[in-house]
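Each chain carries a letter (A, B, C, D and E) given by its place in the written order, and its residues are counted from 1.
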Amino acid sequence: MTDDATPLERFLRGIIPENPVYRQLLGLCPTLAVTNNMKAAMTMSGAVLFVLLGANLVVSLIRGLLKPHLRILVFTLTIATFVTIADRFLAAFMYPMSKELGPYVPLIIVNCIIICRCEVCASRQSPAVAIADASGQSLGFALALASIATVREILGSGTWWGIRILPAGWDNWVIMVLPAGAFLTMGLLLGIANWLGTIRSETKGY
Amino acid sequence: MSSGSPIRVLPTPPRVVVPLRQHIGAPPEPVAGPKTLVSFGQKLGECRAFVSAPVHSPLSGTVERHTTLTLPTGIRTVAVPVSASGDNLSGRALLDEILGGDWDYERIKDVDPDEIAARVQDAGIVGLGGATFPTHVKLISAREKGVELLIVNGCECEPYLTADHRMMLEAARAVLCGALLAARACGGAGIAVAVEDNKLDAVRALEREAAGTGIRVVTVKTKYPMGGERELVPAVTGRLIPSGGLPLDVGVVVINVGTAAAIARAVLRGGALTHRVVTVTGAVHQPGNLLAPIGAACRDLLDFCGGIKPDAARIVAGGPMMGFALADLDTPLTKGTSGLVVLRREDVEREAETECIRCARCVDVCPTGLVPTKIALAARNELWDRAEKLHASDCIECGCCAYVCPARIPLVQLIKVAKARLAEIRRTAAERP
Amino acid sequence: MNNAPGKENTPLAQAPTLSVGPSPHMVSRDLSTRRMMADVIIALLPVIVVSFYIFRWFAIYHLLLAVITCVSVEALSMRLLRRPPTIQDGSAVVTGLIFALSLPGTAPWYVNLIGAAAGIFLGKVVFGGLGQNIFNPAMVGRAFVMIAFPAAMGASGYVSQSTGVDILTSATPLTALKQMGQGTSLMHLLMGDTNGSLGETSALACLVGGFYLCARGTASWRIPAGVLLAVTIISSAAYLIHPTPHWTPLHHLSAGALLLGAFFIATDPVTSPVTRKGRWTFGIGIGTLVMLIRYLSGYPEGVMFSVLLMNSAAPLVDRLTVPLPLGGSPGKRKP
Amino acid sequence: MKLRYISEAWLVLLLATGFALALAAVDLAWKTRIEENKRRETIGQIPHLVPGAVRGQKEFVGKVYVYRAFDSAGRQVGWVLPAVGQGFADRIELLIDLDSEAEYITGLYVLEQKETPGLGANIIAAQWRKQFTGKPATLPLHVSQAAIGENEIQAVTGATISSESVVSIVNEAVAGFRRALEGWER
Amino acid sequence: MDLLVTLLLIAVGAALINNFVLHYFVGLCPFMGVSRRLDTATGMGFAVTFVISVASFLSWTLTYFVLRPGAPLTTWLLHREVDLSILNYIVYIFVIASSVQFVEMYVRRFFPNLHRSFGVYLPLITTNCAILFACLEIMKHVSGVEDPARVWGLPQALTLAFFAGIGFTIAIVIMAGIREQLDVADVPRALQGAGIAFVVAGILAMAFTGFTGVDRGLEKILKPAPSRHAASPSARIHSRGGEQ
C-alpha cells in the first residue's frame, strides 16, 4: 500500500491483487443482484466505471482544497450527482436495461468501492493516478462481475451474453438466476479465488 | 461382583508408603523423621492449617527415608515409608478393633459436641467417599451455619464399588453410631441414611440397628451418579443445591458411611484413620472387599485377591467412571481410594474419536443438566466466555457424558480443562481490583 | 505417572499390559456413530419397501443413483480437501437414501445427480463434513433441485399397483387439495397408494420406521412429537373455523412429507438443537412452518423449507435454551 | 465566525452549483426521451394490443385509471386497463384490453413480472396470453387443466399458481372497471 | 380494513418473502461484516430498523410533497407542476446521512443505554444500502405512479421500512447464530469467513423461498373474494349508448 505507486501499478493492482470484490469484499449488492446475465453485469460495470472515474477525478482535482470534516459530504455529493447522470443516461438510451437494473443503479451511491477509492486514493493522489486507480478498480470489478455472471448465465439460462451455448436439451438451472444461486456462486467462487491465492503464495514462497 | 463377599482383612504388609497429602487442603508436615520407630496410630504428619488433616501410621515399625511421589490424582506429595516391625494387629482382631465389637449408643449422650470435631480432626478423618475433604471442617461449618439434616451417604459413588455396601451390612451399628456423633457435632441435626434400592439387605440391617434412634433409612433410586451430593440431596430432601453452592446452603450435610464409621471409632475408641475398606474387583481372581492399611501398595491388595487375570489391561483407583488409572502397581492406597477396579482390554479399548454429530445423548444423561458437547467444543476452541455461558463450572465430572458418547469424544477431559481455565480466569479477575 | 526416585519406581514392564487413560474408563458399547446411521437405514426399510412396491423401478433407480452419487461426491471431496475418508460412517448413504425418497419418481436422472451432489457438497462438505453442517444435506439438495428444476420436481406420475406397468398421471394429494380442492381418502394416504415423492406416500411405513427410530433412541422423540403436536393444533383450529370434510386434520397429518420429515429428516441430530427445550421448540417450529406454508404459500407442501428454516434457527434455539444447571441460577455463583 | 463557515463552505457551494447545473442540463436533454420510453411501454403498446387503435389516452372512469384506445378516425375502439396484483413470486403488472363496450377481453400484455423463470414466467408467452382474447368480460374466468368452457383458461404447464394469479388479477380489475363504468356513465 | 390488509401484506413481503438481504442483496456489508457475534448482530439489526424507519419517513415526506411530478408543495410554491425527481438520489442520501446523525443524537440524549448497545453501529449505517434501497422502493410507489389509487401513503411507506428492518434483523441474527456455531466447525480453509457465509446465505435464501406466495395466500384469506362481475348485459348496452 505504498503511496508512490505509478499510475500503471495502480491500474494493475486493482485488477487482481486488490480486486474490489474478491479481495476487499466491496460492492457486494450489485455483484450479486445484476449478475444473472452478462449484459446486465457489464452495463453495471460500465456505470460503476463512469461514476468511479468521475468521482475520483473530481475528488482528486479538489483534494488540496478539501477540509477534512467536509470530505465525506463532498464525496457523497459528487457520487450522487454522477450516479444520477448515469441513471438518467440508462433510462434515456437503454431503457429495458435500466428497468432490469432497477434500483441497483442508484445504489451505486452507497457502493463502498467508490467511497473507499475516493477516501484511500483520490483524495491524496494526482488526477492521473486517480484515474488509473479508478480504471483498475472498475476493471477488477467488471472482471469479478463477469466471472459470476458467466457461471450464472450459462448454468441458469444456457446462454452467454444472450448467445445460446449449451445444447437445446439443457434444462436451465433456474436457481442460478435467483438470489440463492447468486449467493452460492459467489461463495464458491470466493472459495476458489482464495484457494488459487494460497496456491500462488505457496509457490511464490518456496 | 463383590457385593456378596464379606470384608476381609489384608494381612499387614511388610512395608507401607503413607503419602502425607491425601486430602483437599493444606499438606501436613512430616513429624516422624527417618529411622524413628512409630507405633500403630502414631502421627506421621501433623497439620497447622485448619483445612487439613493429619496422617497416621497404620502399623508399628520403622520410618524410612521420606520420598516424594505423584499420586494418580496428579497430586505431588511427600510420602513416609514405614517398614513393619514388632507386633501388629491382624486378622479378626484388627477388624474388631476398627469396625467390630460393641458400639454403645448410650455413650454418645455423654460426648461433648465440641470434643467430637476435635477428635475427628485429630484422627485425620476426611471424606472417604473419594472427595477427601477434611470432615472436621464440614462439621464445624455445619454447626456454625446450622443444619437440619445429616445425610449418611450409603450410595456407592460409582458402579462396581461395594465397599460402602459391605460396611452397612457388616458394621451398621458403627456407621449409625458415627452418624449420631456427627449429628451431635453439627448441633443436633436429624439423620437420614440414604441407600440405593439395589441394596435392600443393607436397608434391613440399618433399620434393625436404627430402631429407637430416630434415624431414618431412605431408599433412593439406583442411578449413577446418585452418590454425588448434588444428586443425593435433592433425591432425599427435594431441595436443589444452588449452582456453585454446597449442601450446607440448603441446610444439609452429607457424610459417607465409611466416614461415619471412622468418626465413631475416633470418638468412642480414640482410634485414628489408618485403615479403610477397599473394593477390589474386576479382572482379579478373587474379587472382594478388603480392610487395608492406608499406604499399602496396590500390588499387595491385588495379590491378596489372587492377582490380576491375564486379560487385565488397566487398573483404576476409584471407580470406572471418575477413577484414575494407575501407572504403577506400587502406588499406595490413600484415604480416598474406595476401590481398585481391574479392567479388561475389551473394557478399555476405544474406537477412534469421530466428529460430534450432536446426538445430544450427553445432554440427556447429564445429571447436572448441562450441555456437555457444547462446553467441550468451546473448550476445544478455547472459547472460554462461551464455556462460562454454558455453566461449565457446574460440571461434577461424573463422566456420564463421555460414557454414552457415540463419537467417543473425551468430553470430561475437555470440560475439566474449561473448568480449570474458568477458575483461573475468575481468580485473576478477583485479584485485579 | 510415578516419578518417585529409588526403588519405589517399579517399571511398568512388570505389569504386563498396564495401560493408562483418562476417565471414564468404560464406554457404552451399544452405540456409535455408525450404529446410529445403521439404525436410520433400518428404520427407513419399511419406507423403502413401500416405495419399491408403489413406484417399482423408479424407486430402485433413484435410490441407487442418489446413494452412489452421495458416496462418491463425499469420497471425492474429502480427497480434494486432503482429509481422512469419512465414507465408513454411513452418513452419506443416509443422506442419499433420504434425498432419493424425497424425489418424485418421475424426476429425470440429472435432477437426482445434481441434487445429491449439491446436497453433499453444499450441505455438508463446505461446512467441514459430518457433524459440522448447519443444514440437513438431503434437504439442501432437494431445495436446490426444487428451485433449479421446478418443472421436473412436480410429481407427475407413478406406477399403478393394479396394472404394474402403467404410469398413472395424477397430482399429489396436497397439490390436488391446493389447486383443485380435492381430497384423498385416508386409507390411500395411510397405505401410500397415491402419487408423491418416493418415500412420502405411505404414512404407515413412515410411522413404523419412525417409532423404531425413536424407540432405539437414535432419533429424539421430542422433535417428531413437537412437529405432530403443532400440526394437529393448527390444523384442528383451522378445521374448526372452516370445516372441510374432505380434508381433516388427520389428512394433514398423514399427507405429504410430514411424517417422513418429522421422523427422518427433522430428527437429523447434527442439524437440530441439542437441548431438550430446544428440541421441542425445533419440532413445534417445523410443524408451524409446515402449516403456514401449506395454508398460505404458493407451495403445496413445506416440510423441506420448514426443516431448512428451523435448521438455520437451531443455533439460536440452542443458545436461548441453555438449561440452567441443576439447582442453579447462573447469577448466584459463589465467589 | 460566520465568515469562517463561508470560507470553508465555498467549495461545497461551488461544487453544488456545478452539479446542479449539470443535473439541470441532463434533465433538459434527456427528459423527453425518458418520458417517451415510459410512454412507449404503456400507452405506446395500445396500437399493438387493440386492433385498429392508433393512439391511447389516459382517462379516469370513476376512480379507475384506464386508457382509451382510439382509431385513426378518432373513434374509440377499446379500453386498455392497467392492473396489478400478487403473483406467485412478486407483483404482476398487466395491461388488459377490452373492446369498447367492455364486453370482451381483446388482449393481454404482461408489463412486469418476476415469476419463476422457465415456469411461471411463461405467462409472458404470446401463445398463452392469446387464450384471453375473445373471452367474455362479463363472467369471471377460471383456470382449468383442459380449458373447455367459454370462461376457462388453461394453466401454464407446471405453473398453476402463476396462471391463477393472472386470471384473478384480470377478474378483479375487469369487474372493478365494469362497476366503475356503469356508475360513471349514469 | 383494506388498508390494514395491504399493510400486513407489505409487512410480510418486506420481512420474509422479499427479505432485503436474502432477496434484494441489500445490506450485505453489515450482514457479512457484523454477523460474527450474536449480540453485535442484534444491535446492528435494531439500529438499522430504527434508522430505516426514520429515513423512510423523511424521504416519503419529501418525495410525496416536494419531489415527485405534481407534488403539492412544489406546485403551490411555483404555481406550476414541476418534476424535481432528478434530485431524488441526492436528497435521499442526505436524508439518510442526517437521519443517522439525528438518531444518534436523539438516542444518545434520551436513551443512553440504547446508545451504548447499538450506538457504535450508527455511523456505519450511512453507507448501508438497505436504507437507500428502502427509500428507492418507496419512491417507486410514490413518484411517477400514474394511478393515484396506487400511490403509497405514509402508512405503507413506514410499514415497508419498519418490516424491512425487521427482516434484516431476522436475517442477520440467524446468520450470527450460524456463524457462532461455525466458529467451532472445521470449515475448509479457502471457504472460511466470507466464503462459507455466502454459502449459508445462499441456503438461507433457498429456505426463505418457501415463503413465496404467503402474501397471496394471506390476501386470499383476508380479502373478501373479488365480487362477481356485476354488470348485467342490459346495463352494458345501455351504458354503451352514451359513450360514443
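Keep this in mind: a residue touches a chain if its C-beta (ideal position, glycine included) is under 8 Å from a C-beta of that chain, and two chains touch if they have at least 3 such contacts.
Every value quoted in this text rests on a predicted model; they were computed, and no experiment measured them.
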Chain-contact steps, minimal, separating subunit E from subunit C: 1
Furthest chain, CA centroid comparison against subunit E: B
Core chain by centroid distance, with centroids computed from Cα atoms only: C
Centroid-based (C-alpha) most distant chain relative to subunit A: B
Chain pair with the higher count of C-beta pairs in contact (A-C, B-C): B-C
Rounded Å distance between subunit A and subunit B, as computed from the means of their C-alpha atoms: 70
Computed distance of Cα centres, subunit E from subunit A, in Å: 24
Euclidean distance of C-alpha centroids - subunit A vs subunit D, Å: 33
Residues of subunit D whose C-beta touches two or more other chains: 19, 23, 26-27, 38, 88-89, 116, 118-119, 161
Residues of subunit B engaged with two or more neighbouring chains: 355
Overlap residues in subunit A, where contacts from two or more other chains coincide: 77, 81, 84, 88, 174-175, 178, 180-181, 184, 187-188, 191
Those chain pairs that satisfy the touch definition: A-C, A-D, A-E, B-C, B-E, C-D, C-E, D-E
Residues of subunit C defined as touching subunit B within the complex: 1-6, 8-10, 12, 14-28, 31-33, 35-36, 89, 91, 129-132, 217-218, 220, 269-272, 274-276, 279, 318, 322-330, 332-335
Residue numbers on subunit B that touch subunit C, as the complex places them: 17, 67-70, 72, 74, 79, 81, 230-231, 234, 240-245, 308, 310, 312-316, 320-331, 341, 343, 345, 347-348, 350-351, 354-361, 363-364, 367-371, 373-374, 389-391, 393-394, 399, 402-408, 410, 412-413, 430
Subunit D-facing residues of subunit E, complex: 9, 18, 83, 86-87, 90, 144, 146-150, 212-213, 215-216, 219, 226-231, 233, 235-237, 239-240, 242-244
Complex interface listing, subunit C residues touching subunit A: 108, 110, 114, 122, 126, 144, 147-150, 152
Sites on subunit A touched by subunit D in the complex: 58, 62, 65-67, 70, 73-74, 77-78, 81, 84-85, 88-89, 91-93, 95, 156-157, 172, 174, 177-178
